[in-house]
Structures are given as C-alpha cells and as structure tokens.
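The same chain A turns up in both complexes below, where it pairs with chain B and then with chain C.
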Partner chain A sequence: MNTYYAANLLIFAGVDIIACIALNLQFGVSGIVNFAFIVFQAAGAYTAAVLSMPPDTAADYSFQIYFGGFNLPFPLPWIGGAVAGALLAVPIGLVVLRNLRSDYQAIALLVTSIIANTVINNARPWLNGAAGLALVPQPLQDQIDPATDTYFYFYIGLTAICVGLVWFMAARIVNSPFGRTLRAMRDQELAATALGKNPVALKMTMFIVGGAIAGLSGAILVGFLTVWAPSTWLYPETIILFAAVIVGGRGNNLGAVLGALLVPVGFEEVTRLLVNLNIGPPNFIPAMEWVLIGLFILGFLWFRPEGVRPEGHKVFPEGFESGVRVLGEHD
Partner chain B sequence: MLLATDVHRHFEGMHAVDGVSLEVPRGQITGLIGPNGAGKSTFMAVLAGTMPATKGTFVFDGRDVTRMPAYRRARLGLVRTFQLSSEFARLTVLENLLVAAPRHRGESLLGALLGPGYWLADERRIVGEARRLLKRFGMSAKESDYAGNMSGGQKRLIEIMRALMLHPRCLLLDEPMSGVHPRVADEIQGYLHDLRRDGLTILMVEHELHFVEQLCDSVFVMAQGKLIGSGTMASLRRQQEIVDAYLVG
Partner chain C sequence: MSILIAAFGFGLVSASVIALAAVGFTMQFGITNMINLAYGEVMIASAYIAYYVDERGVSIWIAMLIGAAFGAVFSFLINRLIYSPFQRKGTSLLGMVIVSLAVSLMIANIMLPIVGYFPVSYNERFSNLLRFGAIALTVNQIAIFALAAAIMVAIHALLRYTRLGKAMRATAANPTLARNCGIPTQRVIDAVWLITGALCGLAGVVAALDSDSFTISSGAGFLITALAAAVLGGAGQPYGAMIGAVVIGLITELSAAVWSPDYKQVVAFAILVVVMVLRPQGLLAKRGAAAAAG
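Our next item is the complex of A and B:
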C-alpha cells in the first residue's frame, strides 16, 4: 500500500465520517430525511474552491469560467464552505420544513437535489458547468509541497482535527437535553408540539447545523482532490450516506462512524478491488456495487433495523438528582 | 378559565365542529361526551392548537390565544393528551417526562454545546421532579424501560405525567381511559380526583360514562359537530333528546 493510496483512504474516511455524523444528526436524531444532503457538501466544496482560487482571468485558470475567485488563504475557504452549507440550509429549510409532512419533505429534498445538480451542470458561467472546477489550490500548498508524503500526513492531520471537532459537537448535542428533545420530536412530532416544543425551529436548527458540517466535509474533499464537478455530487451519493447511517445505527454517533467505515469506505473499496478481477462486462462490478448497497440497506432494515450500534439507552443512576456526578449511559 | 366561542372546523365541506361555544370553569373537571364521530377529538385538537380552527375564538385565562400555535399554548399551560398513545417510544419512561420540563438550560443548541457544566443543575432538578411524579403514579420501577414497551394503561399514565411536568393550568384529556385495563382505569380515576383536589382545571373527552359521572362536575354533549346539551350527568339523563342521541344503553 503506497502513501498516496493510504492518504486517499484515510481522507475519504474522514470526510465520510464527518458527513455521516452530520446526516445522523439530521436523520438519525432529528428525523429529517434529508435526501438533498449531498447538495450541502457540494455547496461547501464549490465555495471553498472559489474562495481559494484566483479569478478566472488569471493565467492558468482562463480555461474555466466561474464567479468569484478570491484567492483567500487557508483556513478561510474551509470556514467559508461551512458557512455556505449553513446559509444554503436557510432558504431550503424554510421552504421544505415548515409546511410539509415528513414524507413529502423527503420527496421535496430529493427533487431539490436533482434540480440543483441539473442547474449547476447546465449553467456554465457560474461554476463552469459539467466540466466543473479544476486546479483548486490546496491548503498551505505554498508552505508544503503537495506532492510529498509530508503533505499527505499534514492533510490527514487536518482532516482528523475536523473529525474530532465535529465529533465533539455532535456528542454534546446528542447527549444533552436538546438532543433528547430532538429524539422526542423524531418519535412523535405532534406530541412534542403539544408539550411546548417548536418543531420547525428545532428542525431548522439541525438543518443548518447539518448543512454547515456537510459544507465543511465538501471543503475538505475539494482541497484534497483539487477538482469538483456535478458528476461527483449526484443524488445517489446521498443514498450511500443514508445506507451508512442505517447500517451503523441511527441516532448513535459511533454508529455513524462505523457506518461510514463499513459502507462508503469499506464496501466501495472492496468492490473497487473486485474491478481488478475483470469479472463480466466493464460496468458489471460498479452496477453490482449499487445492487449490493441496496440489498445491504434492505437486509439491515429487515433483520437489524437498529443497525450495528443502536441508539444509547440512557439510565440515570440512583441519587442523580441529589448530586451523583456520573451520567449513566449504556447500550 | 377556558372560553371557546363559535368554533368551526370544516374538512372540504364536512363540518366536524359546527359552531361550538363552551366555557371550562377553573379548578373543575368538565366532561365532553358524545357518540363516535361527534367531533369531540377534533374540538380538543382545535382547542389545543394542534389543528387550526376554520372559525372561532379561544380565550385562555383572560388571554386571546386564537392565533397562537400549539407549542405556545402549551407553554402558557394549556396542555393536551391524545386519543391514541403518543409516547416517545425510543425514549425511556423517565426521559419522556424530562422532555416535557419547561425552561431547561440545556434545551437550546447553545446550551447543548456549552456542555453539562451549563445545564447539569437543571437536569438534576427535573430528574428529581420527574421521579417524584413517577412515585406518585406508581411507576418508579419502570423509569429506565423504553416507553414503547409499556402497556396501554402505562402509556396513558406516561402521557398524564408528561403533561403534568409542564405544570399545566388546564389539562385537555382525550379519552384517558380508552383501551386501559379496568384496574388501571380506576387508578387513573383516583389520580384525576387528586389533580382536581390540587386545583387543576381539566376538560376530558370520555366514552366510559360511569367515569364521567364520578369525575366530572359538569358535562357538555356533542353530536354531529354541534353542542346539544350541558349540565350534570344526572340532569342530562333527564333530557330526552340527549338520551335519544347518545345515552341510550
């Protein structure tokens, strides 16, 4: 295994873990079936790209057309990516989450994902259309040569820091009274409303938080790949992330991490290796990959709907109310 | 305490609630009875704000709440339970009660991110409160079980306890005895007696008329979306049109 392959695997794992934690906060904890999740990752990637790239009139960049080109130093493009994901969540959330029932929300978000991809694919003046953006500058590439192993280790470290930050935030949310209210809303929205909870405000909050984290994951990805195009964020990418959260365990952050390692990373890597075996026609293995992912989701929903790592069962110890420090939680 | 005036709720031409006006007196248990399809549960939903009224006004404790969404009415103390069990199935019994507690510092995103150091005192306070309630309702032994695994009667009790965690001023109970074992129904009756003694105002939809007779100070009767009578159960039994519409049998 060479360094490039290992770095590739670890950085993709980090990005998928971040994305799955965000989707778990929205879908697993809050019950928002965000079939447009990948759009928020794309928003973060495009934003980070145009913030870090020079204007499209610059010498090496004139073969593509895009707005902006602000040449901002790291970490501003990554912060911008997260902010873009959060900001995009506001109008979409206000349209979708206020008046629609949850099943219609899912359909509306799926349609949003398809529309967004189609528009960006065809509107070349905005983000270079189907060809996408290339030569996206990498973080601190002027200080560390991106072609070296050192840079790979550096990027793995940056990704790990982001995974840690996102994990910390998500753990605080899930293990708090706020997280408990989100789970109550997920189980019985009307009953939660009748207990004084505002479901629109709760869902909007988690839609924005999840959008910001998705945006960050896109920024990390584009900084590593240096290219980003509509073909990388088609709606089936969201389905893979849903599969990961379902397989890992809805409502459990650790489950989301396990799911990310099992499905987008493990499953895709295994099937990618199978391509080398030259079984069947050229597209046989990639097609089978989708069939297997579908069967994987169905199998888990049928035989183990709670996933590999089910949601935690919170137990308050005797005497908690009078000051026993330990917050009991076990599975 | 609660005044509803000329309340209508129409569903594409069908008048589920058709010009109902009633007043729920403070500190009493008021019954709302009627045959299936009379519009009682729809009226309760409209009263609580979980379903919008087509027309009508609501005044709660001197305040016009007509345009107020359900969650804000609940925060004011107008709290409902549901005809069908509505427990938070994947939360424990204790957590079901904790969710309902108002003014918890850890219940906002910022509070959550600040961590237990910021909200743990509130958590301790409401766990103590919830445990006292569980003890009062004889469910302490079940506090760590998933609410979804409880029996029908226990789920009813969870709903009532959950509503009480909000410190309601008026409780809207939709068929609290429905689908409940007779022994548990008697227990619920005892708890409701206690709550009235504590001064809580209750409006209760119920089909089991002997409970209504024993619990309710006054009773309203609905049929086909309209209010057709009111009074004590004894006085209602003497009105032939009400007996014909509902009380036969």
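Our next item is the complex of A and C:
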C-alpha cells in the first residue's frame, strides 16, 4: 500500500465524513430531506476552483472557458467554497422551505438537483460545460511539491483539521438548546410551532449551515482531485450520502461518521477490488453497487430504521403522544 | 410567426405525451398517497421492452400495447412487494419518498448492464409528413395525439361513470370511510396500480417514439416533465394534470422554437418553481403541495 493510495482513502473518507455530518444536521436532526445536497458540494467545489485558478486567458488554461479566475492564495478558495454553499442555500431555501409540504420539499429539491446538473452541463461559458474544470491549483502547491509524500501528509492533515472543526461545530449544535428545538420541530412540528418556535427560520438556518459545510467538503475534494465536472455530482451521489446517514443512525453525529465509513468509503474500496475480477459486462459491477445501495436503504428502513448507532436516549420513547400520556399519569 | 404556429403543433403533441405520463403519476399520488419517484424509470423500462419487441419486426403499435402491459404488471408488483408493505408498516410520507427514490435507482441500475449506455430508436420513428397550413406533423405524431385524446376521454369516463371509478374517488377522498362503506379498498388500489402502470408504460413508449432516440438516462427527464405537469395542475387531480400537460407542452415547445431546445426541461422546471412559489396547491387542487393541512 503506497502513500498515494492511503492519502486517497483518507481524504475521501474525510470529505465523506464532513458531508455526512452536514446531511445529518439537515436530514437526521432537523428533518429536511435535502435531495439537492450534492449541488451544494458542487457549488463549493466550483467556487474554490475558480477562486484559485488563473483567468481562462492564462497560458495552459486557454483550453477551457470559465468566468472569474482570481488566483487567490489558500485558504481563501476554501472559505469561498463554504460561503458559496451557504449563499446558494438562501434562494433555494426561500423557494422550497417556506410554504411546501415536507414530501414536496423533497421532490422539489430532487428536481433542482437534476436541473442544476443539466444547466451546468449544457452551458459551456460559465464552468466549461460537460468537460468540467481541470488543472485546479492545489493549496500551497508553490510551497510544497504536490507530487511528494510530504504533500499527501500535509493534505491529510488539512482534511483532518476540517473534520475536527465540523465535528466540533455539529456537536455544539446537536447538544445545545437550539439542537433540542430542531429535534422538537422534526418530531412534532405543530407542537413546536405552538410553543413559539418558527419552523421556517429554523429550517432555513440549518439549510444554510449544512450548505456551508457541504461547500467546504467540495472545496477540499476539488483541491485534491484538481478536476471537477458535472458527471461527478449527479443526483445519485446524494442518495449514497442518504444511505450512509440512514445506515449509520439518523440524528447521531457518530452514526453519520460510521455511515460515511461504511457506505461511501466501504463501497468505493470493495468496487475497486471487484472491478479487477472482470465479472460480467464492463459496467456490471458499478451498476450492482448502486443496486446494493438501494437494497441497503430499503433493508435498513425496514429492519432497523434507527440505524447502527441510534440517536440515543429520548425522554418520551414513542414520541410526543406517549409523552402526553406519561405526563397524564403523573397528574 | 409561422415558426410559432409550427411550434404550437409540436406543443400539442408534447402535451399529449406529457398528459399520458402526468395523469398516471397524479392518480397514483391522489388515490394511494404515494409520490412514486420510480415512475420515470418504469416508463423507460417499458420503452425498452417495446424496443426489443419492435426489433423482432413487430409493429410499434403492438409493441406499445406490450409496453403498456409490462408497465402495468411492473408497477403492480412494485407496489405489492415494496410500497404497500412499507406503507402498512407506518412509514412516513417522507420515508416513502426515500423508498421510491431507492427503487428508482435500483431499476435504473438493474437495466443498465442489459441495455447499455448507447441511445436506441424504434424502427418506425420516421413516417410521412402531413401539412395543415404552417403546422407540419408526422403521421406518428398525429396518432400519438389521437391516442392521448382517446385515453383522456376514457379516464374521464372511468372516473365519472363506472363503479370502479367512483370507488377510486371514494378511496382517494377518505380510505377509512370508503372501507367502512364496504368498498374493497385493497382491490381498488390494486386496480389503480394496474391502470396507472399501463398509462406509465404507454407514456414511456410514446415519449420514446416522439423523441428520435432514447437512452437509459432519459428516465429522469420523463419524470421531471410529468411531475411539473402534475404539480402545476394540483397533485392528485387527473383533470389538473391534463391542463398542466397542455400548458407545459405548449410553453416548452414555444420556448424551444424561440430560444433553444436544450433547455426544454429547464423551462418546465421554471414553471414548477413559479407554481411552487405562487400557488403551491396547483391550479385545481383542493389539497396539494401547500403546508399546514398536516
């Protein structure tokens, strides 16, 4: 096992963990079924790319067309990626989260994801269309040579710091009174509203926070891959993350981390091994991988909807109504 | 000006295709309370079944019937084996959306190694051109229009005048009350999945015939236009879906004529966003996408 392989594995794991924590904050804790999650990751990646790349008139870059090209030093592109994810969440959230029923929110976001990909794919002048962006500069590549082991260790360290920051922030949110409010809204929106909580404002907040984290994960990914194209953010990528959060345990940050390690990372590695075996037609193994992810989702929703690591202690295990009953018995 | 009149003709054909898809989709939602995101994939699977029959030298119109039969049986089985057990288990509406998305993903990827990535087309995709002033349509397109019009009348007759149609409307309005009145709601729901599945399969073949070629990835586009028409008309409302289909069919074809055909789906999406912001309950709905009601 060489350093490149290990770095690849660890950095992908870090990005998936960050993404799963963000999705868990939205889907697990707040009950927002964000089927457009991958769009926010893509927004972060594209933003980080155009912020760090030179203008498309520069030598070596003239084979692609994109707007901007600001040549900014690290860490500005990563911060820009997170900001872009947050900013994108505002208009989408205002349309989707305000006056739609929750299942409609989910399909509206799914459609948004498919259409955003179609638009970026067909419109070449903005972000180089279907071919995508290439030769994205890596963070601090002028200081450390990206082809060396030192650089891999450096990048793993950067990713780890981001995972730590995101974990810390998510833990603070989940364990705070604000986190309790979010769970109350998720379980009993009407009751939470009756107690004076504004569900639209709460959902918007989490949509923006999750969007920012997703944007950061995209920035980390594009800095390592140096390429980004519409084919890397098709809507099924969001479903993998959903599978991870469902398998890991909805509402539990540790579960989200576990899910990230089991589903996206685990599947990636297993496929890498299986592809070498040459079973069936060329696209058979990747296709079966997707079928298996679908089966994972159905299986967990059927047999163990709370996931491997359930959310944890609840005062009223059966939800609000049993809570009322329990309270009634004390009277 | 004549380009707009020609686009109007195409718009009517598009509207026919969308109406077939949207009416089935919206009836599934209205009567069984299921937002079936696998609808587009069932459409494309039926289109491929018809393609393989067509390849054997059978006429496309017979292949279309086989595609519709396949869609009916396939939808019925998906409901019986997956959706219905999850619904009985008490899975939330949101949970069911995730379930149907997982099913959609699985259908697409089970098909992928069988059909491959390459676009295919039916043998009969070319037919004679007929002219009515500025409108020029092929015989196939006129047949599609006539077929869709006939099916819409049949759906109207089914819902209005038959015992089954009345039972369907009763089940949609209040399943518990319908069951207590002696309506066998389980059998009604089975019938709904067979009928809407047949519509779905038919719509898949017709959509594939209307576009010159199709691939495995066309399913998402089929789903989006059907969804847009259903939401525009008010989800769960068959007549709303018909109106929605006409509006979306005409607007997308007119925009393709004056702007670019690459962005047909984007225009459908823009209509969807406007509806969701301004009138989330849709044009006709008593209940719809709006929040609050519970």
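Convention: the second predicted complex is superposed on the first by the 313 of 331 C-alpha atoms of A that agree within 3 Å, B and C clash if a C-alpha of one lies under 4 Å from a C-alpha of the other, contacts with A are read in each partner's own complex, and residues count from 1 in each chain.
Basically, a residue touches a chain if its C-beta (ideal position, glycine included) is under 8 Å from a C-beta of that chain, and two chains touch if they have at least 3 such contacts.
None of the values given here were measured: they were computed from a predicted structure.
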item	value
Which of chain B and chain C A:16 touches, first, second, both or neither	neither
Partner chain(s) touched by A:205 [first = chain B, second = chain C, both, neither]	first
Contacts of A:184 with chain B and chain C, given as first, second, both or neither	first
Partner chain(s) touched by A:195 [first = chain B, second = chain C, both, neither]	first
Which of chain B and chain C A:56 touches, first, second, both or neither	neither
Residues of chain A contacting chain B in one complex and chain C in the other	190
Contacting residues of chain C [partner chain A, same complex]	35, 37, 82, 85-86, 89, 91, 93-99, 101-103, 105-106, 108-110, 112-113, 116-117, 220, 224, 227-228, 231, 235, 262-263, 265-266, 269, 272-273, 276-277, 280, 289-291, 293-294
For the chain B and chain A complex, residues of the former touching the latter	48, 50, 69-72, 74-75, 79-82, 86-92, 94-96, 98-100, 102, 104, 106-109, 111-113, 115-116, 119, 122-125, 127-128, 131, 143-144, 146, 162-163, 166
In the complex, chain A residues that touch chain B	169, 172-173, 176-181, 183-184, 187-188, 190-199, 205, 209, 251, 311, 313-316, 320-323, 327
Chain A residues touching chain C - in the complex, by the definition given at the top	31, 33, 35, 95-96, 99-104, 106-108, 110-112, 114-115, 118-119, 122, 190, 235-236, 239, 242, 246, 280-281, 283-284, 287-288, 290-291, 293-295, 297-298, 301-302, 305
